[in-house]
């Protein structure tokens, strides 16, 4: 059994890790930390876990975690970077669900996250944990930077097109929509149901932190420079991301459906829907699956890709478990083979 | 492997059976019927099942089902009763999620369901499938009448009090609230999100079909005659039932918390919350669990019980699988041991 | 024109007052206070008010308010009581939407609100502002305690029955459900859409602050002592309260429909629905109207009353404007005669 | 008083017309038709109208409508075109909220609407009722084709840019999101809250009927040919449309904020928000207002416009009343000057 620890067990990605790992046959969660809830039983805070978890929250300090084989950081940004070095030194594998190790350029990181990075040397060592592009690196990684939710949905949609070099990478548009759980479990006015229910709005149009992450990764995959316009929106629902992606096609006559199906034929968690389909976030609820459809409306110059995930699973905790499975040589689907909760 | 068939695979209880049975290690679903979708692949209608189910819908006729060990009826009322006799004769065990076999008195059934019952003789043979009260009968049953959603939440809340004979059974009140999936997957105006979203209302106050079912079953358990006022309400959410139950206490000084905890100590799917708790439908989403709390506000004469379930699982398909596990001698939790999807 | 001031203009009852008063032909809002947003334009915080309100928030101090004819307190509890005396001395009429002046017994107030009352002498002077019971007193009042949202819906439902002395007042049950805006516009975890969306739960079952308020007022109206069990619930919607009320009838054969219609025949904001109806919070959205239906299920011993309001209008700001209309001798419907926003 | 009739009074645009006209000081609604509800009181079907409307539904036949000064068609497509000629002959002004008269080219209409047009000669006579572009024509019109909801939000966003000729009209993208009331009040499975709640999906990506309407109108305004990619999505909320619009800028250094503010300076129902703003559908709920913001993310080559309306008001019935006000020489804001219902 893999001994796992979770730092930051009271946020939504933390409790989702607890849910997924409770059903994972090869993992034993031994430590869950929380500064605020230290000493409380985990299932007193999260009644959905009653009967599945007997732990109490402990303080988020390194010595509580060194006996683990793997530690997940489900923390706010700028926390993992303060503990990573010591834990790596203790031979603990790390999977960081925050943004601390996603960007390779420390200057870019510090600009977008407004803080000094505590261990810039680890940025190169960290592997960006999108299995569909980095599987081999993840197998050998000690430190995985788990991708953001928007970046996951967006990259999986653009990836086959960029790799095949069939779109103008200088005019990419990602119009993305997220359920409210993406904002986390911190007290806020903007997250109140009275504010975010029955309403729809964009946010971060001048610049969102996931923009440099997506741009960095798409640039790796693209033959030509990438320029992306990224617009996140808030949807009055709890879980789910829908990315609607647009790009000008370099040529017509490409069989886009075939391109996507071939590209993802062996991927366990990317499901290319039949031609003409419209994926629904409601069909991937609770699962680690990305469902994708590709369209060329009226046979015109613009390709439209529709990509949906559950932001807390494929967009966070499920992808983290997927990365762990790869890092520990398990079957990739272990513990993640669930049917979406519909309706 | 148990060979299972599902009649009426396109409604919500049908697709929920498909979800649960896809993850059940001892069951192989071999037949799914649908009059309307006959010939279509199941996962073309329900994309959440892609990769889990390769079947096509077939016609709902007896000969398609006789090779099954067990058949679930996830049909509208008045369908199962037309096929039950022949299937039982073919040695198929039946679990009916509709109301056809729930009432013992054919006259009462015909009054509330407005139809002539097609096989009244089976009403006595049918076992009412609430495991917490009828486990021994279910073990030996060939025909199980799976309880309604409201009746499940309501009975589990009143049960310890009636068995202990500590409440006035002549003045029971069940104020029950259901998510909209309880109304099923039929085209309707009242079920439109524009109608049922952002609104709350009671319905069926003069008389709802679950009233005679609850009354019949509570009367079995009660030492004195039962009189129940039952008010169902529609909640603008998809899954979940919350029953708020009231009864006058015959005496004060009873340790109600202890009464409930003792009563349900060995039940795998009833979870009595700590004293003072308020169960949340969101904590049992997707699970077969009933979470219950008991209160005696201001130490007064009225006991208040709060009982929550997922109407599609413990209130329908999960309870049906539980009944199947009992009927076939499996561990009762097989395939049903999932963590609630929170948030 | 009546010169009006609003203390606490950034909460939901404050912004709802601004909405209603912007459309009131006889009122000019001249002062809006906010400690937190002082100096900001009101319509920069609330874009729905763009074009209707040119004011900036000012500090909540007495000298900013003494030129007003009427001041509304849309503040948290324990604020109005610190400013009321001085404002009354300056001949300003006060309408307090908080709970500071609702209870007559200072000991009860201090027990439930956990604070020392700053001006207990005003408790007697204050008039409880439910127009349907206190219209004549309101006409002459300088200080009106605007009722709570649950108390409004509950009292209007029990009122005709208690006045007619046809129910056992010792066994009243109010099962009440509120949209989330009732919790106000303060940052919180429990109010997040991720927490309160797609879920239903009770809260405050051991005791909610509206219980003593309802009990006090119902006791005034009742010939015999009142004992009430009150259970509030949180509904995943923004606006609306639905109170489902139960009481044992003292006798059968009463024409309850006629009783209600007669009782409310002249009330401009109470609408008794036809026999058999189920009022829907969605039909009173945005309006000052209470819609009520009365049922006697199966002709039995229990009367069931269904009462719906918009918690922010008839349950707060609309009722405050109604009280103002009465205090200033205006037609009671002035500025309040709007059609509910359906769907 | 203007005598008004409404054909198709039971859909959402019909009942919204009834709401708006009930508060319009110059209009008397004298006829409301409904094939299905003929003979029933209007307020028996719509309890929100109790006290505001004493009419009964009558049959939708010409002779019931000829005494009206204006008739609104709030009907499904292909109904207005069968009655328009006779009503115009009777000197009744017509405002059609359906799509029957929106397209100028009968072949295009018949292709997208899949029917033979009943009176193609009226297509030229009909005036497309977007006041911001066609005010002068509307003043003299007898037959106004009220724009679709998506087309309204989309055109208002692109209009200043196309008129100023600062964008490449050959690469327009409209990523549009609508609340579920846009699908109308017909029984359907896809519109059930269980299906459309807690989920987000695109639809009609290969081609939606509003595409030719938008293309036709934008082409009128543009100096160069227009090519538009239009993606509608369904949002789990009742009211509201959010259009996120993208276009490549022909040049940099344009003051886009100033361009928009100047363009809409005199428009009563278009509100350009301050620089950097993100309009929220929740701020225009229940109003005839379009709120718009314009962004140039990272000062790049792509302009992003955010445009929100209430689909039932500015996207349908409110715009129809606005058109009526213009046709009858009233102040344009008459009956439409309401504050948005927030929260």
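Quick notes on this structure:
Order as written gives the chain letters A, B, C and D; numbering starts at 1 within each chain.
By definition in this document, a contact is a pair of C-beta atoms (placed from the backbone, for glycine too) under 8 Å apart; a residue touches a chain by one contact, two chains touch by 3 or more.
Keep in mind that this is a model prediction, so the values were computed, not measured.
When the interfaces A-D and A-B are ranked by C-beta pairs in contact, the top one is A-D.
Most remote chain with respect to chain D, judged by CA-atom centres, is B.
Chain A and chain D, compared by their mean Cα positions, are separated by 38 Å. For this pair, chain A with chain C, the centres built from the Cα atoms lie 45 Å apart.
Chain A and chain B, compared by their mean Cα positions, are separated by 36 Å. Of all residues in chain C, those touching 2 or more other chains are 12, 181, 185, 194-195, 197-198, 236-239, 279-280, 282-283, 285, 343, listed in ascending order. Those residues of chain A that touch chain C in the complex are listed here as 12, 180-181, 183, 185-189, 191-198, 236-238.
Those residues of chain A that touch chain B in the shared complex are 12, 15, 18-19, 22-23, 44, 46-52, 181, 185, 197-198, 238-239, 271, 273-274, 277, 279-280, 282-287, 291, 338-343. Against chain B, the residues of chain C that register as touching in their complex are 171, 173, 175, 177, 179, 194-195, 197-203, 205-207, 227, 229-231, 233, 235-240, 242, 244, 246, 248, 276, 278-283, 285, 295, 297-298, 300-302, 304, 306, 308, 343.
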